[in-house]
Each structure stands twice: as structure tokens, then as C-alpha cells.
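In what follows, subunit A forms one complex with subunit B and a second complex with subunit C.
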Partner chain A sequence: MLQVLFNGLVTGAILAPGAIGFTLMFGILRFPNFAIGAYITIGAFAILFFDQVAGWHIALAMLGGIAVTALVVWLTDLVVFRPMRQFPPISLLVVSIALSLILENVIRFIAGNDVRGFDIPLTRPVKLSGLMFTSEQLYLIALAVAAMFAMHAILKFTKLGKAMRATADNFTLAEVRGIDTDKVIAATWLIGGALAGLAGFLAGLDLVIEPLIGWHLTIPVFAAAILGGIGSPYGAMAGAVLVGLAEEMTALWFDPAYKVGVGFVIIAVLLLFRPQGLFGQPEIKK
Partner chain B sequence: MEVKGIVSGYGRGDIVKGVDLAVGQGEIVTVIGPNGAGKSTMIKTVAGVVPARSGSIAVAGKEISGLSASEVARRGVAYVPQEANIFRSLTVRENLEMGAWVLPEKQAERLEMVYGFFPVLRERRDRRAGNLSGGQRQMVALGMALMVDPTALLLDEPSAGLSPKLVEEMFEIIARVNQAGVAVLMVEQNATQALKMSDHGYVLAGGQVKFSERADVLLNHTEVAELYLGVQG
Partner chain C sequence: MKSAISRRRLLGTSAALTFTTALLPRLALGSAPISVGSLTPNTGGGGPFGPNITAAHKLVAEMANAKGGVLGREIALHQENSETNPETAIRAARKLVDVNKVIGVLGTWSSSVTLGIMPLCQEANVIQMCTSSSANIPLKDKKGLVFNFMVLSPIWGDALADLALRRGYKTYSVMALNNDFTKSMVDTFVDKVKAGGAKVSNDPFYYNGGQSSYRAEVSKLIADEPEAVFIPSYVTDFTSVYKELFRQGYEGKVITVSISTGSKFKKVVGAAADGILHGLPAPSLASAAYKDYLKFAGLKDTGAIQHPFGTAGHDQMSVLLLAMASAGTDDVAKVREHIHKISNGPGTAVTNVLDGLAALEAGEEINFSGASSDVDFKSPSGVLKSRDFVLWEIKDGKDVVIETIASAS
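This part shows the complex of A and B:
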């Protein structure tokens, strides 16, 4: 049982940065960006490139890959979403699905379909009072927690972070009060992209790196964001851990192959009974 | 502020059909009129939230029509919407800080001034604005607008949804803000009370100005009183 909880925590840590990035973008841009999975894949491959082709140290490769992902994600806004700002969310959702297919195949074209991994020394799993874990898993959790604290600090203490919360809360009022919403939107894409890049690294540590690595995470990331109340970064953090735990606990009773269905079930149940998520407040409409 | 012949609306039709009005320095000007007269659209047009289709809006001789809402705010014209006029999930203090976005160097000074107007906001500065009472939420909305050191305030029904006691308080606050040298253009349902504190009044109906008089003249105007102030003739 302890092992299951720990595995759930690891899965949650992989999902959390992506879920936060997804929910931040939703909060400000008001559409579910399906390309989040492709962004995560870009992160994994960009880091893989710096790690193996450029031969950088893995920590440096991670930072480089995160920066590249942030830039690419911001570019997808400039090229794809910005010209479509006035379109309804459902159109943008469809466009983001198309974008994710394009990005995935560009990666396939450049990097091929081979299954790879980061160039890090293999370590033996450690056993501690019945709990088995690898040092990578510990790094992974530490990085995810660090990202959450960093995000909290940005949102709570920086002027830009407060403006992001204000803009997500009430876009029209943000404009009326003179907040530079273009700058806020650009920052949202860059930060969301950086989080996706980090998610790519975390996923690459735990899973094998292939062009569908992010695709497999899309549904659980959606589920985590919705579970936490879409648009709420803190909710997304909690949602990620809960989805991670739910996935691992399911594996106790069912074949692990059904794990991928957990996200779907969570989304369906929530949308039926509590669309504002566990921690979200219902929107008041007049 | 000089508004000349503005036309605006949503979709195909025009709601505001050529409105002229003027707000002198340090004046309070109230626009009254029946529901659907285009009062709210008119003030949104001046604020740059709804684009003017034609006409001109000048502040201190400078044209502001065609500017976005945030550029209008930078010109010292602060608009307070009727609804959704605060950031509910932010604290009171964060709301006020957001108000100072275009004037960061004066933030500390303005914050003190706003707390001076509304001492209760200083007490509640770390509370989520959405959890405050209706009257206090209006104070946050007005306080946020005052953070930019505006020359003019545009208020869309500042007393809407407030209890009679709070309405009085709200008008007192507006009068105090005005005494500090800020011109006020407001749209109001509480027509009699609003006109009593105003210099000038307009009656808007069907998207056009029906009457434009000194406020005290308007208050004693038989036709206006019967039609728009709810006074029995």
C-alpha cells in the first residue's frame, strides 16, 4: 500500500507541472489547449537533444530544454492562436488538436520513432522498510515540488504574477484598469511552456522517450486540471497528486492496462456532478 | 471632457445615437434615463470599452475616441463598471495594486490616499475582495479606479444593489472624491439623490439626449420629474 501511495506521488509529480501550465493558459486564454501533450513531448526531445547530441550535463540540458520549450510554445501563440483570439473556445480547441498532431509529427520527422532515454547512469532501486524507489524518482518529486513553490512565489509575490491572477479573474476589468494584457498573455505562454518543458524532463526520467510521450499524458493532465477546478493553479497541483494516486490505486484491482482510462473516468464523473472541480467555486452568472 | 455626437452599439444596431455632453473640470455630471436608454453603453463608449462608431471624445483638449480601454485609463480617465468591477479572487490590497498598474511610481502614495478615503479597506487589506460585503466591494472598485490619480471618473450606477443607507454613504464618498478635484460622470438609477449632488444633469432616452440642464433645474422640471424621477404630477 505504501508502495502504491509512493508510485501515485511520482505520477502526480509528473502530471503537476503540465497541469499547472495547462490551467494557467486556460485561466487567461479561456480555451483548453490540447497541445499541452505535444508541448511536453517537445520538452522531452529538446532536453534529449542537449543531453545526447550536444553532450551537455543533464542539469544544463534540462534548463536548455525548458527554455527552448517555453520559446516554441510562445511561438505557437504568435503564429497560431493570436490571430484567432476572437474565435470561440471550441474552435481554438480543435485548432489546438491539429497543432498537437503537427508538432508530434515534426518531432517524429526530425528525431525518428526510436525509443530512447536520457543519458543518466542507471542506479539500483533502494529498498527502505518495504518501499522501493530509485534516486531518479526522488529527484523527480523534488523538482516538481520546487516548480510548485516557484509558481506560488511568482503568482503571490511578483507584480506580473498578480496581474496574471487578475487577468484570469476578470479580463475586461484588467484592460479597463490599464493592465498590459498582451504582456500578461505572453508571460502566460512562456511560463506554461517552461512548465511543459519541465514535465517533459520528469516524464523522460520515469518513462521512455518517444514521440507519443506527451500524448499519453494529455488526458491525465486534463483530468488533474479539471479535478482541481480549471483555471486554478493550486487546484491543479492537488488534482495532479489525486489523479496520480487514483491511477496507481486502480492498478491494485484492475489490470494496469486500464490505468489510462482513469483520467477519462475522472473527467466524466466531474463534468456530470461537479464541473467546477473539487476546489473551484461555481461561476456566478447573472 | 467634451463628448460630441458619439454613436455606438453592439452588432448591427446603434444603441447610442449621437450623444453630446460635457463635463467641466471638477464637476459632477449625472446621466439619468429609463432602462434601455443607452446610458450604460454611452459610458462604456467614453471609457473605450465599446468602440465609438463616430463622434469625438476629448479630454483636456486631447482626442481619446478610438483608444482602447487601457489607453483611456492611462490618460487619467478611470471607469468603474457596474458589475464585475473587482478582482474577486485577489486580496483587497492586490486589487488596489492592480489599479496602480499604469502608475507604479506613485503606488505607495495613492494607496495611502485610498486607505484614507476608505479606512475599512486598510483593515481588510489581506481579505479576498470577493468575500467582502456589497458596500465594501464598491469601495474596492472605486478605490482601484482612484489609484491612477484620475482627472475624471466614469461611474456606471455606483449605487446599484446597495441598501439605502449604503447608497447615501456611496454618494458621500463620491462627493468627497470630487472635492479632491476629480470630475465625475455617472449614470444613475437613484436619479433624485444623484442629481441633488450634481452640477449638471442629462436625460437620455432612446440613445439620445432629451434634456440637458443644470441639475437643480432638472430636479424641478415638471416633465422630467413626472417621467424620470417618479414624482407624481
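This part shows the complex of A and C:
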């Protein structure tokens, strides 16, 4: 059982940065950005480029890839979403799906369809008191936890974080109170992009890098964000771990062919009983 | 009254016609092109192989067009990406059949795609040519319109189980990617190893591709510590699964299919790939057709198997065009008959479309042998009679041939 919990934690750690990025963007921009999967793919391939083509050390490659992803994600706002800012959320959702397909195919055009991986040798596990883990998995969890703390610190202790929270609570009121919402939006895209870049690194470590790597994570990331309460970064962290645990346990006790459906079942059941998610605030309608 | 056709317009039109006929010297003026569909897995699980199949279809069509086409008509190739996804493939096939009016849909790779588009192809009397191994394909092909350039998956399961038994493994555990390709392979493998006195310790199960983790599946697979595991799969999911097997400390033998263990897989997992046993129906390296293919595709003969599915794409388009030329029509019923005729012979042995067209033009009967296999079908079905099956073991990061066996379908 301890092993199952650990495995769930590893899966949750992979999903968490993407889920936080997704929920952060939703909180400020008020639409579910389905291009999150494509952003994760960009992150994985950007890091791969710095790792294998430029020959950088993997840590530097990760930072470079995260920066590139943040920049690309911000550019997608400038080119695609900013001109459509006044459009209803459903239109932006559809646009984000289209953007996802475009970005994925651009990557496919540049990098091809082959499977790839970072230049990190596979390691055998260490066994400790019945628990089996690898050094990669420890790094993976440590990076996800560090990202969570960094996100917490930004939201709680910085002026930008306070402005982000204010904008997420009430966009018009934040503007009236003198918050530069354009800057907040730009920061949201950049931070969301950086988190997607990190998710790309973590997924690339654990899985295989190919043009659909992010697409495969989109539903679990979405499920984690909804489970935690969409718009709530802390909820997304918890949601990611819960989705990870649910997936691991399902495959052990049921036919693994049904594992992919777990995310959907969680969303459906939760929305029935708690529409605002585990950590979300119920919307007050006046 | 002003003439409707001025002298200047007449001269201009004549010049344009002369120019057009000069560009297409041997294509009959006024004849509509013959439309052929190419539906290949350029992305998704078959992504590493689809582009080779697409390129091979295009290559053969261009070779034929450069020599004046077939039946004096240009071959118009309409290419679509199946994304290795039956839903996408059905939409693409619908377009090929209804809009492009193709005579055949060539190049499907995944069994689920080939089976998915079969009802609409059968309804529209359209020929299918594929490299899909599901044993359900000939059962569902009620009109004898499907020509499979790959042996069926029970043959794969049989060959791999035979190798495993000869290696002396006594306990096995089995899991597979959830699709039509793997199911009959798993059944055959399990039956054969059990008949050989070995034990399958788990209830074989299937996982879906494109998951965010394969940890639980791998834990379940190796829970009983089997001596060997059998994991038929595609390269995208197998790479993630194999990484997880290694990380969970499994040290037994891993047996799979070669489509999962290409050079990119080996690059991703590095030295950890050593020891994997795998097999695949493959081209005969010594055949004249395979050497022709390498030449046409601009590849060097490295002594290793290249383009296992691109060669089949070459053969598919060649067979279809030669059958039309042999039948003297693009009527599907006649073309179907002539596919059997030119593939199984008797006749002058030919290994490429140009030699075949030249022989047919000279009034000879032909027997086409392809780059992927001899391309002999079990008449009246489109099931391949035989194809070489090669078994490899990865040693020091390279595939080392254990043996090549001629497989019977």
C-alpha cells in the first residue's frame, strides 16, 4: 500500500505544475485553456533541444526550456487571445483547442514523430523498508514541491501575487482600484507557461517525449484542476495528487483498460456533490 | 457580326494545348485521372512508420506517371493522415471515397484503422491494401477487397512463443496494448507457451496507450516475478512501459515486437535496452525487389532491415497499378481478380512497377515479387501466403539477428 501511495505521489507530482498553470490561467482569464497540453509538449521539446542539440547540462536545459515555454505561451496570448479578450469563454475554449492542434503540429513539423528522451541514463530502484524508488522520482517530486512552494510564495507574499489574487476575485474591481490588469495578465501567461514547461520536463523524465506527450496529460490535468476547485492553485496541487492516487489504485484493483476513465468519473461524481471543487469557493450570484 | 472565336484566341488556345500535351506526352487527352487514396499513420502510434509508407506510395505513382501513367491515365494520389486513430481514419476515408472517388485506400497500418474503415470501403466497392495483422481482418472482409501485405498477428505470437520456449523460460506474465493487433497475438502466445509446458502466471491484461503513468500496470505485470514478460505494443507506449519496468527493478527477459524497439527506442533507454528479444515480419534483404526499393528510395544498403513498412507501401501501389494495367480497366471487380493474377503468377518475374508495366505493354504475363515479401496471396482471400519473420536480441545497443524463419499464414 505504501508503494501505491508513493506511485500516486509521483504521478501527482507530474500533473501538479500543469494543473496549477491551468487553474491560474482560468482564475485570471476566465476560460479553460485546453492548449495546456500543447504548452507542456513545447516545454518537453524545448528542454530536449537544449539538452541534446545545444548540449547543455540537464539542469540548465530545464531552466532554458522553461523560459522558452513561458515566452511562447505569452506570445500565444499576444497573437491569439488578446484580440479575443471580449469573446465569451466558450469561444476562447474552442480557440484554445485549435491553438493546441496548431502548436502540436508545428512541433511535429519541426521535430518529427519519433520517440525521444532526455540524456539521462535510466536507474535501477533503491529499496528501503518495503518502498522502492529511483533517484529520478525523488528529483521529480522535489521539483514539483519546489514549484508549489514558489507559487505559494508568489501568491501570498509578493505585490504581483496579491494583484493576481485580486484580479482573480473581481477583475473590474481590481481595475478600478488601480491594478494594472494588463501586467497581471502578462504575468499569468508567463507563470502559467513556466509551470507548463516544468510539467514538460517532469513528464519527459517519467514518460517518453513525443508530440502527443502533453495531450495525454490534458485530461488528468483538467481533472486535477476541477477536483481541487478550478481557479484555486492550492486546490490544483491537492487535486493532482488525488488524481494520481486514483489512477494508480484503479489500475491495481480494476481492469487497467478502464484507467483512463478515472479522471472523468472523478469529475462527474465531484461536480454532482460539490460543484465548486474541493478547495474552490462557491460562486455568489447577485 | 463579331466571331465568337477570334483568330487570336484560337492561336492562344492552340498554343496552350500544345504546351500541355508537351508536358504530358503520353497521357491520353481528356481521360480523367485514376484516383488512388493513401491513408497512412503519419502521427500517433504508427508515426515512426507512416511517412515511409506515404513516400513509397508517392514514389511509385510518380514513377508510373513519368512513364505515361496507367491505361494512358494519370495516377492522382490523394494522401491523408489516419493519425493511427480509427475515428480520424473513418473521416479521412469518407473523404477519399466520396469526394476523391478513389479506386483503393492504401497504407492503413493499425488493425483498428483497417477494420474501422472496412464497412465504408466494402459498401463503396473500394479496394483496401494494408499492413495490419488482426486475425479479424479476413473474417470481416466479405467481398474479398482487402489485400494485406502483413502476415496475421497469430503468426507473430507463434514465432515469439517458439523462441521463448527454446530459451527455456518456464514462467511468463503478459500484458499488451489494447488493440486488435495484439489480442490474437496474445492468445496465440499464451496457448503456445502453455502447450510447451510453461506457466503463464497472470491473467493477461490490456492497457490503453497515451496514459499519464504505467506504474500500476507494470507492478501488476511483475508481481509474481516471472522469468519472462511478453508485451506486444507500439513504440510510444512500450518506451514508457519499458522505462517503468527497469525502474521497478525487473531483471527477467522482456519479449516484444520489433515495431516497439527501433533505433529511437534504443536511444531513449540507452544501455537498458540490452537483452530484449523481439521479432517482426521483415523484407528479405537478399531479394532483388528490396535492392530496387533501396535504390528508388535513395537509401544505402547497410545490411540492416530498413523501412519494413515503406517496402510494403511500395508493393501496395505497385500491385494496384500493375493489376489495373493487366486488367485493362479500373473496374474494381476486374482489378481485384488481376491483383491475384499478377501477384501469384505465372508470368515473367518483375520486382518494380516500371518493369511490370513494360512487360505488360509487351503482351507478357507477369508475376510480381515485392520489396516486403513475395506478395503471393491465398486466393480468393487477400491474406498473404508467407513472409520472412526475423527474431532479434538487442546486444550492446544493436539488434543481433537470432534467426530468420519463413512464416506461413
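Everything below uses one rule, namely that the second predicted complex is superposed on the first by the 285 of 286 C-alpha atoms of A that agree within 3 Å, B and C clash if a C-alpha of one lies under 4 Å from a C-alpha of the other, contacts with A are read in each partner's own complex, and residues count from 1 in each chain.
Here is the rule we go by: a contact is a pair of C-beta atoms (placed from the backbone, for glycine too) under 8 Å apart; a residue touches a chain by one contact, two chains touch by 3 or more.
Here the structure is a predicted model, which is why all the values come from computation and not from measurement.
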First (subunit B), second (subunit C), both or neither touched by A:Glu175: first
Which of subunit B and subunit C A:Asp77 touches, first, second, both or neither: neither
Touching partner for A:Asp51 - first (subunit B), second (subunit C), both, neither: neither
Partner chain(s) touched by A:Glu210 [first = subunit B, second = subunit C, both, neither]: second
Subunit A residues touched - subunit C or subunit B, whichever exceeds: C
Partner chain in contact with A:Lys162 - subunit B first, subunit C second, else both or neither: first
Parts of subunit B lying in touch with subunit A, wherever the complex brings them together: 47, 49, 68-71, 73-74, 79, 81, 83-90, 94-95, 97-99, 101-102, 104, 144-145, 148
Partner subunit B, residues of subunit A touching it in the complex: 159, 162-163, 165-166, 169-170, 172-181, 286
Residue ranges of subunit C touching subunit A (in the complex, touch as defined): 42-44, 47-48, 50-51, 175, 178, 205-208, 210-213, 215-217, 219-220, 235-236, 239-240, 243, 246-249, 264-265, 267-272
Of all residues in subunit A, those that touch subunit C in their complex: 3-4, 7, 10-11, 14-15, 108, 113-117, 121-125, 127, 132, 134, 136-137, 203, 206-208, 210-212, 215-217, 220, 244, 247-252, 255-257, 259-260
